[in-house]
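Read the structure below first, then the notes.
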Amino acid sequence: MMETEVIIEREIRLDKPILIEGLPGLGLVGKIAAEHMLTELNAERFGTLYSPHFPPQVIIEDDGVVRMMRNEFYYWTAENENQHDLIFIVGDHQGQTPDSHYELVGKILDVSQMYNTKMIYTLGGYGTGRLPRHPKVFGAVNDKSLIKPLKEAGVSFEKTGGAIVGAAGLLLGQGKLRGIKGACLMGETHGQIIDARSAKAVLEILCKLLNLSIDLTKLEKKAKETEKMLEKAMKAEQQQQQIMKPLPIGEGPTYIR
Amino acid sequence: MMETEVIIEREIRLDKPILIEGLPGLGLVGKIAAEHMLTELNAERFGTLYSPHFPPQVIIEDDGVVRMMRNEFYYWTAENENQHDLIFIVGDHQGQTPDSHYELVGKILDVSQMYNTKMIYTLGGYGTGRLPRHPKVFGAVNDKSLIKPLKEAGVSFEKTGGAIVGAAGLLLGQGKLRGIKGACLMGETHGQIIDARSAKAVLEILCKLLNLSIDLTKLEKKAKETEKMLEKAMKAEQQQQQIMKPLPIGEGPTYIR
Amino acid sequence: MMETEVIIEREIRLDKPILIEGLPGLGLVGKIAAEHMLTELNAERFGTLYSPHFPPQVIIEDDGVVRMMRNEFYYWTAENENQHDLIFIVGDHQGQTPDSHYELVGKILDVSQMYNTKMIYTLGGYGTGRLPRHPKVFGAVNDKSLIKPLKEAGVSFEKTGGAIVGAAGLLLGQGKLRGIKGACLMGETHGQIIDARSAKAVLEILCKLLNLSIDLTKLEKKAKETEKMLEKAMKAEQQQQQIMKPLPIGEGPTYIR
Amino acid sequence: MMETEVIIEREIRLDKPILIEGLPGLGLVGKIAAEHMLTELNAERFGTLYSPHFPPQVIIEDDGVVRMMRNEFYYWTAENENQHDLIFIVGDHQGQTPDSHYELVGKILDVSQMYNTKMIYTLGGYGTGRLPRHPKVFGAVNDKSLIKPLKEAGVSFEKTGGAIVGAAGLLLGQGKLRGIKGACLMGETHGQIIDARSAKAVLEILCKLLNLSIDLTKLEKKAKETEKMLEKAMKAEQQQQQIMKPLPIGEGPTYIR
């Protein structure tokens, strides 16, 4: 395998589907949100993306059978005329090098355009180093016309000037060059903790925007587990005297994934 | 040389050969096992793989003649109808970067498919940080149907959830995409020691699976040497107060520029 | 996106334009100078360069709208016969790897040659670790015939033997191979401070060379702000006892950007 | 520039020339030897090699004129029938990454084969950490038939089992695949010092092999300067007490291969 490949496993017909991206990023907020959504909607897989830019390894699953590192395409068909057909892109990894991010995002857009996608929502976390009880959802768009409806759905536009790193950002940037509108929804999150609570906040707003009603019970349960884990961690931290906490390179609090 | 090249040096005919991979990896378990096997079987070389992704150097062999870094293809023809023709891939190195692993594995599969290979065994080590007297052999497969016969041959499937890095894993993953079944046999090993004992454990099971009978005397001898070396090393370690850690790779005094 | 792409957004006609490069480098001297110049001249954008070798991210601008990392081409048409048509290349980033520098510079030259460019000025800083009140402007050329007119305009040629890293250097080197003359103007600068004063020194000489008269008031204001900031910083530094001063990797004082 | 390019600047005719490689390497032994030789022979340049794998910079030469990083091809025509026509490859740099070494060596061989080269001498240093008063010259070949004449010329074949890194090694390895014989002459050297004395030892043997007589006076002068510098350095070293040695990066026991 010399470059990124997509295998379309099922012939499907979709009507201008909206692409929803939930690849791994800060706090796994986007991944948790998108995967919860597609599970609750019983979305079905129609394609798989393999890339030489993923780690060169296979995962041994619980039954002893291995599988390649991958991203997966799922789809869901609208149930009424207030809804839109959806495509999801989720998976194990993003690119490991700068140029592989661009290559992977290009391939994801190629697939989306095969089905005439005109709109993208990318989901991610916005790291603040704090753990808010009620995480805000910050927005960024690739077209001004999207700001008003997002604000009405509760999205905050107070965070500007930063950068959105990886697929969540590049899908909007490269999408615009291809005439596809897009918005990024970023749940406020600590940045170094897997954060189901932030994912829930993102999903509530996304459901509003898409006229969808999704059961969030399982996400709430996960969020409560996160909460307990955090309380423990914070107590332990208070007992420590000196905290050594060098942030990973290139991931200061202004970077969003 | 701009990409990986394979030179086929001998025209051969094989009947659905099984590919056996023994490239360098953890404890050199797979390399020792595969190289012992092909030596004992008098397998012959039919191809050589060169790659710009191997270290940019040549090795000075004992007679003062240099040779390129390489992987080598060997073949062996079944002696009775209970056996299978075999292809071996062994050599100096695996890829040095993520994407070169994918490229190299693709080339190995290309060659295997030229001879209509339908089954792969990849050999490797499974690092546990311990030195068992009787190393287990752990398995992973790319097709559920392979689990039963492997278990019957003594392979353990208790280790799941991990990752198999490099050719041993990718040959199964990419092989599956090409319709080739495959299993990885991983000998339990310490992880930081060259381990002939673990290689012997792997080979005993592989011979059972392939209806082969191979003389393991030399491997047993090596295993005993390993054992002695280890006992010495462990005693020495106990006596040391402060441990000297090895020099960075590729900077010994034996390197010439 | 698999390689660097240029989108020409406007059809323009230019008469042997001079290319002026002001991409980010040491002290941002070249960037500040070129961007001030094109603003004052009301130069207009006619093309955008995107590259998978830029950081894989988008910037959230003040209105909440994102944009890709990019370089931009501007043009300006001569107002009298003593002047030359101009093309500017400015932007967020240079390449992140050695070979991407070569690729990007090749693309910039491709665009310049579309309009029959025969001359290039690249702008940059020359780090000396000191903060001169009256920064000199050092020169380097890709053709001996350029030295005399540059000296007459006040450029110093006392700094030789060093290297010019990045686009400022490669545009001259690769340009020469394509038959394009070029000079690099390097403003003396500290090296670790954004330096508008040095940019002003460079611009004064460039205007003389191009028979242009440009309002430098805003640049002077910026320069004064720099000055104040520096005085503060220097006082603070004097109060420190021990100075931690790790140089950026690969950027000793002989490297110029 | 997207890949390595060679510009042939002069049409020449050569009769099965021998290629002599002296690119930068350990102790700059090969570079000093080859450059001294071509200067003394008044060899002339006929080609230049540029590569995006060289550092992305230009050098400012003494007259203020810049030049690209490059390798250069020189040629010399035999003066009697006991001699051979010669091609030299010398220059600023070798590749910076593993695969770029392979690409560059491939290009050098392409040029050599244009002139029907059948033999290569690569020149380098062999690091021993010691500073011998009379450096030996170690040899390695890509064809057994070369050992006898080299031994007769005074080359030692006692060092085997090591690796020859970079062009000096790959030219022999890749050359062999193209049917070109080759030998590497390695002057014994300390490894961290520019060593003209070792270069002189290499050159004496090479001249014998090529039936050439070259004035080594300037090299002897350089060698004496090296000697003085070394004596100083060794005294300084004796005064140091503790040597800091770096740890290797990134090799945990949890990876399975």
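Residue numbering begins at 1 within each chain, and the chains themselves are lettered A, B, C and D in the order written.
Everything below uses one rule, namely that a contact is a pair of C-beta atoms (placed from the backbone, for glycine too) under 8 Å apart; a residue touches a chain by one contact, two chains touch by 3 or more.
Just so it is clear, the model here is predicted, and its values are computed rather than measured.
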Type of subunit A:subunit B copy interface by residue overlap (half), same or different: different
Whole-Å gap between the CA centroids of subunit A and subunit D: 52
Inter-centroid spacing, subunit B versus subunit A (mean Cα positions, whole Å): 38
CA centroid of subunit A to CA centroid of subunit C, Å: 38
Residues of subunit D whose C-beta touches two or more other chains: none
Touch-based graph of the chains, sorted into line, ring, star, complete or other: ring
All chain pairs that touch each other: A-B, A-C, B-D, C-D
Contact set on subunit B toward subunit A in their complex: 3, 95, 98-99, 101-103, 105-106, 139-144, 147, 157, 159-166, 169-170, 172-174, 176-177, 184
Residue ranges of subunit D in contact with subunit C within the complex: 1-2, 7, 50, 52-68, 96
